[in-house]
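Chain lettering (A, B and C) follows the sequence in which the chains are written, and residue indices restart at 1 in each chain.
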Amino acid sequence: MPRKITSLTAASALSLLAAPAFAEDPRSTLPGAVAQVAPALAAYAEGALFDGEWAQAALAPRDRALVTFATLVTRHEADTLAVHAALALDAGVTPAELSETITQLAFYTGLGNATAAAQAIAPVFAERGIAPEDLPGATPGLLPLNEAAEAAREATVQGNFANVSPGVVANTREVLFLDLWRRPGLAPRDRSLVTVAALIAAGQPAQMTFHLNRAMDNGLTQEEAGAMLSHLAFYAGWPRVFSALPVAKQVFEARTP
Amino acid sequence: MPRKITSLTAASALSLLAAPAFAEDPRSTLPGAVAQVAPALAAYAEGALFDGEWAQAALAPRDRALVTFATLVTRHEADTLAVHAALALDAGVTPAELSETITQLAFYTGLGNATAAAQAIAPVFAERGIAPEDLPGATPGLLPLNEAAEAAREATVQGNFANVSPGVVANTREVLFLDLWRRPGLAPRDRSLVTVAALIAAGQPAQMTFHLNRAMDNGLTQEEAGAMLSHLAFYAGWPRVFSALPVAKQVFEARTP
Amino acid sequence: MPRKITSLTAASALSLLAAPAFAEDPRSTLPGAVAQVAPALAAYAEGALFDGEWAQAALAPRDRALVTFATLVTRHEADTLAVHAALALDAGVTPAELSETITQLAFYTGLGNATAAAQAIAPVFAERGIAPEDLPGATPGLLPLNEAAEAAREATVQGNFANVSPGVVANTREVLFLDLWRRPGLAPRDRSLVTVAALIAAGQPAQMTFHLNRAMDNGLTQEEAGAMLSHLAFYAGWPRVFSALPVAKQVFEARTP
């Protein structure tokens, strides 16, 4: 971690001097006011979070940057999204993946979080020359459907809620599972990863069983899932993670032969 | 839906040319940055949400605008409240109803959400010449009380919590049920509607049984409630609605003879 | 409550004329737009909240200002934190206690809430001449550890989650319970108080049993806890408090001989 970058503007100025413009350094995300008002917190962030958690091998820095971004979108922390988007891009998340993450989280955390995220990171995309035509369009070729899994999901939701809200049942099928989840711009494992991160951050453990299983079906390892919980404790708060731990435990145990 | 209006400022400029200044068009609420950063999301919003969900007959556009506004107040999405207040007014929600919704949600989602909402929509009221004296005052004549229902509610809350927090028990009675809920500026059905929307958006399904029953006692139909769940999935996120669906199912079934 | 102060700027101007610059008056926290858009809410705030709840003897004004601040940090209501920090300082909360509250809530509600709080109140600290060297540093002498309680806590968490997320288990022990909770800049009773307030405000009643018991072990009385619930109903919304009441009831009853 070569140097501390304290703001997007400072980073932009430095970009005239040397590449890469944004060091892949989570330190770049901590506002200077923290050291003024809560020096102890600045020290904890430096030690336990940036030197500690971010450096643990159990989850790749690229994945950490992606789930952090997803968490902040979920929490509507628009003021820090630009610097975290820059961090994610420097850590290897592609512009297409950030764009798809925002689209995914529109459905899984509410449209307003996604529109605020789009507004917050538009300047980062503009500065890096990322144009709409570089991003996944509305109608890409779709990934193949796991028809058996989808039939089972649909049967459950139909059986439970067809008489409660036919609109939800239809939109869940047509918009989410036959379309959104099959978009190729974000790998299924990563789409699941940001969705589970969002459920943890939003305090929705009851909705996590289905999606954590799906994430692991899509390739997320138990070690990575455990490390994500440790990482998110810092960004979503310990209580959110302690509400998610029993669900993760149950999922892990049920998958163990 | 005659044309796309992308911002309040643009709408103001257009108001010199043609009335109505604000078309009743939910498209007006989507920031332009979405198409720049997440073109797929812009397409989903256009198709599934604006052409799809908003056009479903199961819930009136006026009700959709009102519950969307309530959801955004609950989520503290202050930056989009002005354009959604304008949309609601164009869709037939009265200034008095918006004012009462903010007051209701101060109690049901926290004072800070309501004060931020007041700050966000004050310019809309000013632009349209809506003055404080046009709005419901502090001490209107109150709607009659359903004394049997209130006695049952009070007995339950007293029995459970009189020794835990006498302050909550007293304020719930004096401020909320003997006063706030009896204010005539927002019809009981609509007061319940925005309250249920707020409970869904805030992830409080445990508090929903009482208020959804009250909403239906006050005239909300099962079809409208189901359509509201479908509508709110877009604005509060699918997981919030999936946590609310079992509660709605239970309420609907318990009311079916 | 000598006079109404409507903004930080107005208060600053008045400071040239008379001390104290900030009256200890919660009225100072209500934005003027409320009276414009929701006059009924302005009247409720004046009557039920400022004249009513804040004046109840069951919880000291200093404690009310502290838990209000904690609630607003938890809800990411950054725009009102400056005026509430000023109110808290005027009510007897020390700069060190505000600083430690922000650090505590970084862990219990997520880093971004704490960094936004630091940014929001940095001008208040600057205006009052509070410098980083006046605040608790990174490595103060620590309060003694209750070794039996810590051993029991660690055994439970290890037993439940060591195989789920070893990182969470380690950080919870090393960073939180062996370090953060032992920092002397915020008394254990107050550290627990802001933590319980945060759990209520964030809708995490499941995590409240441990922390409310800890708060009462640390000196919070049942009457104070009940009054805090009544106070927080206004700032976090009634439903959050009604989800917390059964947990408080259970804790109170289990502690009654």
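By definition in this document, a contact is a pair of C-beta atoms (placed from the backbone, for glycine too) under 8 Å apart; a residue touches a chain by one contact, two chains touch by 3 or more.
Treat the numbers as computed from the prediction; the structure is a model and nothing was measured.
Asker: Note down the smallest number of touching-chain steps it takes to go from chain A to chain C.
Answerer: Step count on the best path from chain A to chain C: 1.
Asker: Same or different, please, for the chain A to chain B contact, judged on whether over half of the interface numbers appear on both copies.
Answerer: Since fewer than half of the residue numbers are used by both chains, the interface counts as different.
Asker: Specify the angle of rotation obtained when superposing chain B on chain C by their C-alpha atoms, rounded to a multiple of 5 degrees.
Answerer: It works out to 120 degrees.
Asker: Could you please state the distance in Å, as a whole number, between where the Cα atoms of chain A are centred and where those of chain B are centred?
Answerer: Chain centres of chain A and chain B, defined by C-alpha means, are spaced 29 Å apart.
Asker: Which residue numbers or ranges of chain A touch two or more of the other chains?
Answerer: 76, 203
Asker: Quick check on the complex: what are the chain B residues that touch chain C?
Answerer: On the chain B side, the touching residues are 76, 78, 98-100, 102-103, 106-119, 121-122, 125-126, 132, 135-139, 160-161, 163-168, 171-172, 174-176, 180, 183, 185, 198-199, 202-204, 206-207.
Asker: Which part of chain B faces chain A closely enough to touch in the complex?
Answerer: The touching residues are 30-31, 33-45, 48-49, 52-53, 56, 58, 71-72, 75-77, 79-80, 201, 203, 226-227, 229-231, 233-243, 245-246, 248-249, 252.
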